[in-house]
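In the two assemblies presented below, subunit A is common to both, partnered first by subunit B and then by subunit C.
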Partner chain A sequence: MVREFARPRRKNPVLRTRLPNLPPGGRSRVALGLTAAAALGRFELQRCRDCQAVQYPPVEACSRCLSVRLRWELQSGDGLLIAQTELAHSNDLFFRERLPWRLGMVRLDCGPTVVVHLHGDCLPAPARVRVDARLDRSGQAVLFALPDTETANMADDPQLREFTCDPRFRKVLVTDGRSPLGQALVEHLVKAGADLVWVGQAEPWKQFPGLDALRAMPQVSIVPLDLTDSSSVRELAAEIGGRVDIVVNNAEVHRTHGIGDRQGIETARLEMDVNYFGLLRLAQAFGPALRARAADGPTGAVAWVNLLSIYALSNYPPHGTFSASKAAALSLSQCLRAEMRSAGVRVVNLFPGPMDDEWNQTVVPPKVSPAVLARALITALKSGVEDVFPGDVAQEWLERWRDNPKALERELAG
Partner chain B sequence: MDSAISIEAGGVARGDVGGASVLLRLAAELVSGQIRVVDLTQTLAPEFPQISLPPEMGQCWPFRIEEVSRYDERGPAWYWNNFSCGEHTGTHFDAPIHWVSGRDLPRNATDTIPPEDLIGPACVIDCTAESAADADFLLSRSFIERWESVHGRIPARAWVLMRTDWSKRTDPVAYQNYDETGQHTPGPDAEAVRFLVEERQVIGFGSESIGTDAGQAQYQRPPFPCHYYMHGAGRYGLQCLANLDQLPPTGAILICPPLKIRNGSGSPLRVLALVPA
Partner chain C sequence: MLRVSLSARRVRHDYQGIVAVAPVTVPYVRYSIRTAHWFLARALAELLRVAGIDKASVDGLCVSSFTLAPDTAIGLTQHLGVAPRWLDHIPLGGACGVVALRRAARAVQSGDADIVACLAGDTNHVDSFRLTLSNFSSFARDAVYPYGAGGPNASFAFLTSNYMREYEVARADFGKLCVAQRENALRFEHALFKKPLTLAEYLDARLIADPLRLFDCVMPCAGADAFLVMSAERARSLGLDGVRVLSTIERHNGFADDPIQVRGGWALDRDDLYDQAGVGPADIDFLQVYDDYPVISLMQIEDLGFCEKGAGARFVRANTFDWNGSFPLNTSGGQLSAGQAGAAGGYLGVVEAMRQLTGVAGARQVSAAAVGMVSGFGMINYDRGLASAAAILAAD
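Here is the complex of A and B:
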């Protein structure tokens, strides 16, 4: 049985901080279909629309009938472990540092037999397992077989931990504690076992509800941080940058204007300054240290989280300038993801629909509550997904956007 | 200039009024240290507190600065920055056009204000004890009249500076002094402002806190009386001043030219005072 993950001992400071090595990251274009689904937390394989055969590995033409009419479909992942082995030697740098490594073969109920990374709690073959597609440190999907029923310390399997970003025993920076979402994030990160949560506060003279409750948590440390002020961001990075394992950038400015109902550009510029340039400032200041500490022990630097919006995908004209700033942030987050990938640090984007907050006061429900969004983030970190669409509105708009982005543009225009 | 009287009263230059000799003596006394230059300006820095309006309103930019190059690949032999701020950031000047009551006056903006208005004598009214006892202290007409009974009548075209030692509050939280009902900082009441404008013909009013009006001035009648009456009469404002404790009650000369922004409502500036040593 997998043992409970224990708090790692303090690092010996005379030893060098090791640099990250990544698992093999090369994929064919068609194989990236597996990655695209895994980024959303889905296990999808191609199914032939002519003969119905499910394909593995991803292919250009059906392995049974050669039809090219293949479609990615959600799979349950249920299957039978038919063989397992333990890798004792590897010339691959990533696996070489992590030996021994459990591997297995699973015959999926949907057809194909697949090679999998094998969870330590899977019973010896033949045994029922559940296969999931997970992103590895290269950001590519691989298949991971988990026990078909929950075990005591399932998330603590050392192999599985190589695919996840569990906040437990980690140190987190939440960039804004003023918003109800910021406070919910802090609460849930602490509940998930984070050792320390630094919480940013801009404009300290503005007291806000909930500040005392934040201060009362022993894990919380309130720090001055204003994303519009480069020197403030740099100063905080100088102080704590080398200790942060997860950055959660939830600071945002949200005003409810389109183009025609607000004169001038001042509010739009403020949105851009926080939502876009704020991310840039933060990434320049905190990114390098995070990359350098990606292999710093079992609780080293692991993830970067951005609060985006479903409006980043398609503009919602009543909140048009906000949508534009989030689209800019989405684009920059892709750049950040590319730059973080060399270290294996995961960039997680949250795309909520309307949140139940002050600036959506006149938006009719359903709205995502801060607690639901915070729980969705913890789940995403623990399962290692990249793109999170929490709540009904975000899910529906995601489906519509994937189906026909032009149609969604028209629908959002009202 | 009308202010000749007060220059004499302050003892900066006696006799020989007019002509080059006064200026030459001024230069000589600056060199000899008989006249001291006091800097009344807060340093422009990102962490200096900024006026805050309700979030749905337009906001004045705080001071921000970005490095362009520092003897590096972005510019090998030179160091320089770009900065941004609002017209009402840090120690700053309010022009009459800033307030709706002064919108239609002639020469009411930073580029058209008569330059001779930007140098003048200063009367410093010490409200330190009262402000320490009550953050919402309002400077009244009777308080000013008591001050005049000791220091003499406020001359026409003088600056009146309200000394509160608020600038010594280096903690931004204490400087802004917000609670759930808003900001609590001292300022003048409406009657005092009318008295200064109409019966003393002051050229402007200066304060150490973030506005020339008190923190709770939206509840006065009219709201923000110092802005309303001063700017409505074509007079000026200075706020976020520092070092007023280094000025005598009378006798200092204020030098406070704002940036020449076309149609500007104000600007950050360096405020200097010439003080007899």
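Here is the complex of A and C:
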């Protein structure tokens, strides 16, 4: 049985720091379909639209009927573990650092035999298991077999932890504690076992509702952080940058304007200054240290979270300038993801629909509450997904956008 | 001559009048700074020397190699300065020896070539094995290598653990084969392993990928093996002892629907193999199987009809496998004790069978060896070996 993950001992600074290595990340283009689904937390395999056969490994043509009409479809992942091994030797640096490493072969109920990373609580073959697609540290999808029923310390399996970003025993920076969302994020991170949460306050001389509740939590430390001020960001990075394991950038400015209903660009500039340039400043200041510590023990630096918006995918004209700033941030987050990938640090983007806050007062429900969003983030970190669309509106927009982005543009134009 | 196979009612031509001659080995070394071209050139030069022919009389060329990239057989013609009128490149790993033999035999039989030089060889730099693994196939890159990068060790660990459970095979059964092969290797001058292996050493060796331990796994090395295929007439005129090809089979991706590999294509085609040769398993004086891991040896013994499926362990316990045992197996040590020189591993059994049947196997000569079988297995493309092949050979 997998033992409960215990608090790691304090690091001896004289001993070496384990440096980041990545598992093999090379894939054929067609195999990236598995990654695209896993980034959303979905296990999809190709199914032939003509003969219905499920395919694996990913193929360009159906291996049964040669049709090229293949579609990625959600799979249950239920299957039978038919063989397992434990590697005591590997040719790859990432795995050499982490031996022994359990692997299995699973016959999926939907057809194919798959090679999987094997959870420590899976019983010896033959045994029922549940296969899921997970992103590994190279950012590519791999298959992971879990026990078919929940076990006591399932999330603490050392192999599984290499695929997840569990906040437990980690140190987190939340860039804005002033908003109800920021406060919900802090509360849920603490509840999830974070050791320490630094909470940014852009205007330290000002009180705000909820500040006392934040201060009352022993894990919380309020720090001055103004994302529009490069030196403020650099100063904080100099102080805590070498200890942060997870960055949650939730600071944002949200005003409700399009182009024609307001003169001048001051508001739009402020939105860009926080939502886009704020991310850029933060990434330049905190990115390097995060990368360097990405393999530093079982609670090393692991994730970078951006609060984006569903409006980043397609402009919502009533909130037109805000949408544009989030689209810019989305684009920059892809750059950040590429740069963090060399160290295996996961960049998680949150794409909520309209939040139930003061700036969405004219938006009709359903709206996503801060608590729902915070829970979605914790779930995302624990399962290791990359893109999170919490709430019904976000899910619907995502579906419309994937189906036909042009149609969504017309629909949003009203 | 036509012979109708009773099993499948197939009509197949025999290999009448064709022989394989001049088995040569370019000595194996653990690592080399040379390229595959060097080893293949040495192999061709040795063939010419042994056969007493000049390069111009080789008008067919067949090549197998993993480390020849970016070249293939065609590039090699310019490197070696040959102008063949028949050329083949066989990327079938452990099945390439038997397949080269059967294709070359048809080429000579049909007159498309008079003398075919069949070459297999590879180099082994310190990092070549890792590089070969990471680019072995697109399925392996997408769906195997990211899983621990254990290479064939991990794949065979699955097959072995499943086989042991399914058919009640003990590690000691595999060990018995490995120990006997080491005994044989000590009598083969080119084998890389020079020390005897005890069963205890086999059982207690360093764990590699459970249940596989060190002596279950081949040692990659550099080297080459080669032979010539020509008409029996031509061989006689050159004063070369040859072996006749009684029958051959080849099958790829044989049992695609099996959830995990417990058998190979031999099981589909073995009746064909024996029918065409006009012999049965009891007539076979020795067997050379592809043995990158011992489980695959057992699979071949079963699938080629030497015992029932699943009776392999009992067969191992009831027989002895060294060169003078009740069932001589891999009489030059196999790859497990001679080394795996890349694609040459697919030729090892062919050249050893030729040596046995022409009576030049020296200290490991199987007495009165008249009919022998060679079997090949290759290419773990994803979760199983795809290529299987076998040939029955006889002294000319």
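Here are a few things to note about the model shown:
Everything that follows uses one rule, which is that the second predicted complex is superposed on the first by the 414 of 414 C-alpha atoms of A that agree within 3 Å, B and C clash if a C-alpha of one lies under 4 Å from a C-alpha of the other, contacts with A are read in each partner's own complex, and residues count from 1 in each chain.
Quick note on the criterion: a contact is a pair of C-beta atoms (placed from the backbone, for glycine too) under 8 Å apart; a residue touches a chain by one contact, two chains touch by 3 or more.
All of these numbers come straight from a predicted model, not from anything done at the bench.
Superimposing the complexes on subunit A yields a three-chain arrangement in which subunit B and subunit C fit side by side. Judged by the touch definition given at the top, the superposed model places A:P57 against subunit C, while subunit B stays out of reach. Touch criterion not met for A:S333: it reaches neither subunit B nor subunit C.
Touch criterion met: A:E86 reaches subunit C, while subunit B stays clear of it.
One of subunit B and subunit C touches more residues of subunit A, and that partner is C. In the superposition on chain A, A:T175 makes contact with neither subunit B nor subunit C. Once the two complexes are overlaid on the shared chain, A:S314 sits clear of subunit B and of subunit C alike.
Legend: residue contacts after superposition of the two complexes on their common chain; A:T267 is shown touching subunit B, with no touch to subunit C. In the overlay built on the shared chain, the residue A:D226 is in contact with subunit B alone; subunit C does not reach it. For the pair subunit B and subunit C, the minimum alpha-carbon spacing after aligning on chain A is 39 Å. Remark: subunit A residues 23-28, 31, 56-58, 63, 82-92, 94-95, 101, 103-105, 107, 113-117, 125, 136, 138, 140, 142 touch subunit C in the complex. Partner subunit A is touched in their complex by these residues of subunit B: 46-47, 49-50, 52, 56, 58-59, 62, 64-66, 172-173, 175-180. Looking at the complex, you find that subunit C touches subunit A at residues 129-130, 133-134, 138-139, 141-151, 153-154, 157-159, 161-162, 165, 206-212, 256, 259-260, 382-383. Across the complex, subunit B is touched by residues 203-207, 224, 226, 228-232, 255, 264, 266-267, 270 of subunit A.
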